[in-house]
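Down below is the structure, laid out as structure tokens.
Chain naming follows the written order as A, B, C and D, and within any one chain the residues start at number 1.
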Amino acid sequence: MTMRSVLLALGFVAIVVWPFLVDNTFYTHIGVSVWMFTILALSMNLMLRMGQLSLAHGAIMGLGAYTAALLMLRLDVPFLPAFICSGLVGALVAAITGPVMLRVKGVYFVLLTFAFGEIIVLMFIDWVSLFGGHNGIFGVPRAELFGFVLRDRSYSYLFALGLAALAYLILRWIYSTETGAVIDALHDDEDLARSLGVNALGYRIGIFIVSGFMAGIAGGFYASYFTFVTPESFTFWTAVDALVMNILGGIALPLGAVIGAVMLVPLPELLRDSQEYQILFYGLILIFFLKFLPDGVVGVIKSLSTDSSRSLGKRFMKILAWRQVK
Amino acid sequence: MRKSIQAGVIAVAGLAAFGSFQASADEVLTIGVVSALEGPGSEWGRGVDGGTRIAAKEINEAGGLTVNGTTYQIRVRSYDDGYAAARAVAAVTRLIEQDRVNFVLGPLGSGAALAVKPMYEEHGILALVNSYTPETLADNPQYTYRVLPTTAEYVGPIVGWINENHPDIQRVAIISPNDQTGWDSQKSQVATYEEFGYDIVGTELFERATRNFQPFVTRIMAQQPDLIELDTTPPGTAGLIIRQAREMGYQGMFSKIGGPGVPEIVDAAGKEFAEGTVVYVAADTENPKYAEMEEAYAEIYPPPMNAFNVFFYDAAHMLFEAMQRAGTVEDVEAVRAELLAMAPYEGMQGTLVWGGEELYGNNNQLQTPTFVGLIQDGKEVIVDRIAVE
Amino acid sequence: MSLIKLENLCVDYGPISAVKTLNAEIMNGSITCILGANGAGKSSTLGCLAGLVPVSSGRIIYDGQDVTSHQAHQMVSAGVTLAPEGRRLFPGLTVYENLRLGAYTGHAREGFQEQLEAVFGYFPRLRERRDQLAGSLSGGEQQMCAIGRALMSRPRVLLLDEPSLGLAPKIIVEVAKIIRSINKTGITVLIVEQNAKLALQLSSYGYVLETGSLALEGPCKDLLHDDHIRQAYLGGTAA
Amino acid sequence: MLQLTIQIAVNGLTFGLIYILMALGFTLIFGIMRVVNFAHGEFYMVGAIGILLLFGTLGFNYYLSIVFAVLCVGLLGVIVERVLLRGFVGRELNSMIMALAVAITLQALAAILFGPQEQSVARPVTGVLQVAGVFIPRDRIVVGVIALAVLIAFYLFLRYARYGLAMRAVAQDPAAAALQGIRPGFIYSLAFGVGSLLAGLAGALMAPVYTISPFMGDVPMMMAFIVVILGGLGSIPGAVVGGLLLGFVESLFSTFFGSTIATMIAFGMVVLILLFKPSGLMGRAQ
């Protein structure tokens, strides 16, 4: 066992047990928010990895949240199926809109998803009988796993941590497969990827569906944890937050999304004492990071360890190798 | 060089994390404020904080709050909720868990109030909130009280005044912002105007960010109203609507029964156009106490002071007095009992009582005197004072 | 007398090196050509001279001065102008506007009208098409416009990247004739071509690049009769 | 009915001109730098605050205040471009977020310095022009005339001026532009400066017509966004066509159906355009 793996194991244990040692549910609440946003940030990482920034992810998370809330509250569906449905709705939206929207690229895709997301939020607001308007939906039941209600925040924390870890592992797995190599190639040079016979759109839709599922799950968690759902939590600013997490942490690795969430989510709490200056500080900190750490924290770590395994050439070789194996 | 800067940033961020959490000292009574202190909505949100802090400061400067022989310095912990529900939850969690407060003023905004109401009820936190939705007082809350009047409280007296003094008016159009506040308050407006026998010829909702009302006004004027009711439209925006309607040739009357802000209306509409508008007046600015408050406010936030400060100033004083009467700053039940028993209470501008039974099914609403105002020569003139029963 | 001297010029794109320790000299008032297959490093060399491609190591000496780190606008001001591969006209601007942009730098602006007449003299067709969008011109006309635009900067050195690419044989002859007459006015010409026969006939001295390295150099008369050149570049392709 | 139609058309034209001012700067910056300038609305706001300060508080002449405020906004734009955005040319994502960060910071700064509430300045021009039953407030006529004059000047600048030509060249092909001796860095600064100057002008013109607050830039920013997508990102004629189109659509639909429906229609048009002709009504396919 190396030093590194001992440290990693210790770090993991610390992350799991600290809410039970520190008797302050406020910290636990921040921890829950961190892992919830980690899921969204990871789902955004999938999109960014293939070079498609979606500003609709806040709205997709919202669809997940409203799905879980409505199923549990209006149809008395138990938590687990409702929770899974929130992910499925996210995936479904991606599956339906993906074939049309993913034909659009670059800035145009950003703007398209922006408009699409805003239309969904307008729908939450204006379809009052279903979505409850600006007030949203209150009194959503808490998560209940196999008869055990997660009333205590520490358990919600573990649940969120588990989901985030799962999402992280799924991303790691996807990136290590052929799909990962292909979406990297699509990002770098679509013409080349296509000339190798890659069905670009098919891969894009697939990734979008997975990403939509994860955003929906984040929403499902939101609904049961906060026990309410309001439209203002799911505007494009939520997608922007997820994006900023990725940029701060670094897009190159899924770990970047996690680091970004860990950095960004507690930031408003750290700045709370500065009262009316907190938004200003938030903006300045953002500018500072973008200016001096343009590749995020992961970029710094990478430049320190001088490991450039993701060089352009190597990735093309990787994809070529996959083709030949087939 | 670059790398050492980067390392430095991370270290500083880490230090900041530890520095900001501090324990409180002895003999200090901490109460919480959750409100919109920044961004849109903060012009009202700061009223919750300002009023509370002015009241606390007065007591502190007079030597502190003596409860059952112990003298406390009052410390107000104010957190911004950015007018958003999820952030209000974080702020209230912090007040309860971190600052261990038993009493909270705020939040502002319907979504935020509804989001934190279950937390107040569950943890037994006595909360004096600022929100327009009647849902706030639904389900008979035990710890949640509303300390400022909403449209539902004062629309009746003011429409009654219009009915008496402007008998020629028949057709009324009502304009409200398109959000929960606007929807809820428009409902009470419609009900009240109909009760007095008016024809409602149009009800309109607009997005809060709208500044261009020409198309909107064109449409309303096609209905030929005698009176345009501006409801809870923010005052500056209300002024814009008045001006744009007058410029498009509207000859009828305006009323704005909802929220304070005559100077902003006059600024945006222009003196001639604003003339004769009937307004709800939240605070009597002629009151000498009001000028004192404005001075105190200027030390906390840049002026102008919003009239909401007055309600939270009174509410905070009521709360502190209730603690003295109950002889405890810990026992929320005792303080709550005293708070309810205190009314009728002589507030800054008249008698305050608990009420609201017929609207909400409980008496968790603090009723305040209603002032009917008229804009004359660019100034607000109080033409009628209607005390609570 | 040499006007431009390349000393151990290297160009790298990340891990790939496009030009390896190239040494070359361009005589004042000459027409010099660089030959080579696709990807041999010809365009990168021209790009360096034009200040568009950063030099990884080595030096560029122009008129006795080190211009290795000069940027594109500085090279244009110094009198080195490139007519790039694929013309790179501004398709949404008119022919006149394209030519006007050619005379963007300080010294070229002063004699604008005079130079415009000179360009219209070389290419009468451009005068007819003066107010037409550059994107709507035929291939030959576009090439003329590109050369004309480069001339508008009143260069001492004209760099031409694949001027014959995609043109009909008849037009190629016409363009070649004009290049020669431009050279006669005292402008040094450096030409990069895949059409080796054309280049060798036009130039007095040639360099042959293969995968970034100098393979051969010499007077064009000699190169035309070199066996290797005949096989590799002139063999099947009779231009 | 005819009267109403004319009124709607006149309203549409007056909104359209302001939208065009906003959208032109936005599209210019995108066309040249490939930066989606999320801070564009904040430049509008700064222009309006300039009027609040110079004309409202200090009491300078209104037209002089416009000139001064607008030049300051242009300068601010140049500084923002030089210091914060220069490094991100070609990195669309990072530059977009940097622009967002600038927007957040400017908004917060304005709220701290001038308070979050809506404020008004006196109108330099008052009264209404009434022609055949159609009402046109005089201040809007002034706004319209100034906007139109600036648009024409801007057109002439782009069409005939040396730097205008250089801007168009950089937008079409930055590398080829560099080969003509154009310094792209200088053009970036110029484009960002001119773009923010136009936004600042829109803000300065609308300051006395509407109210002034730190958050006033959000809606015009959104409108610029919509206009630019309708017309085609980076397309100057597109900004003009898109601006007029949006002005008329908004005027028409909010007169008959209300502003929420008008907003939804605008977003709907954006989605349709992006799906079926992403290069916009006037844009070239890329």
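Basically, contacts are C-beta pairs under 8 Å (C-beta built on N, C-alpha and C of every residue); 3 or more make two chains touch, one makes a residue touch a chain.
On a predicted model such as this, the values are computed, not experimentally measured, just so you know.
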By label, the chains that touch chain A as well as chain C are D
Of all chains, the one whose CA centroid lies most distant from that of chain A is C
Comparing each chain's Cα average against the average over all protein Cα atoms, the nearest is chain D
Chain A to chain D, mean C-alpha position gap in Å, rounds to 33
Taking each chain's centre as the mean of its CA atoms, chain B sits from chain D at a distance in Å of 35
Taking each chain's centre as the mean of its CA atoms, chain C sits from chain D at a distance in Å of 42
The distance between the C-alpha centres of chain B and chain C, rounded to whole Å, is 74
Two or more other chains are touched by the chain B residues 38-39, 42, 301
Going by residue number, chain D touches two or more other chains at 108, 111, 260, 263
Residue ranges of chain A touching at least 2 other chains are 276, 279
In the complex, chain A touches chain D at residues 48, 53, 100-101, 103-104, 106-108, 110-112, 114-116, 118-119, 122, 126, 240, 243-244, 247, 276-277, 279-280, 282-284, 286-287, 290-291, 294
In their shared complex, chain C is touched by residues of chain D numbered 162, 165-166, 168-169, 172-173, 175-183, 284
Chain B residues touching chain A in their complex are 2-3, 5-6, 9-10, 13, 16-17, 20, 37-39, 42, 78-80, 84-87, 89-91, 93-94, 96-98, 110-111, 114-115, 118, 133, 135, 179-180, 183, 301
Within their complex, chain B touches chain D through residues 38-40, 42-43, 46, 178, 204-207, 209-212, 214-216, 218-219, 234-237, 239-240, 244, 247-249, 264, 267-268, 270, 301-304, 306
Chain A residues touching chain B in their complex are 24-27, 29-30, 33, 133-136, 138-139, 226-228, 230, 232-233, 263, 266, 268-270, 272-273, 275-276, 278-279, 288-289, 292-293, 297, 300, 303-304
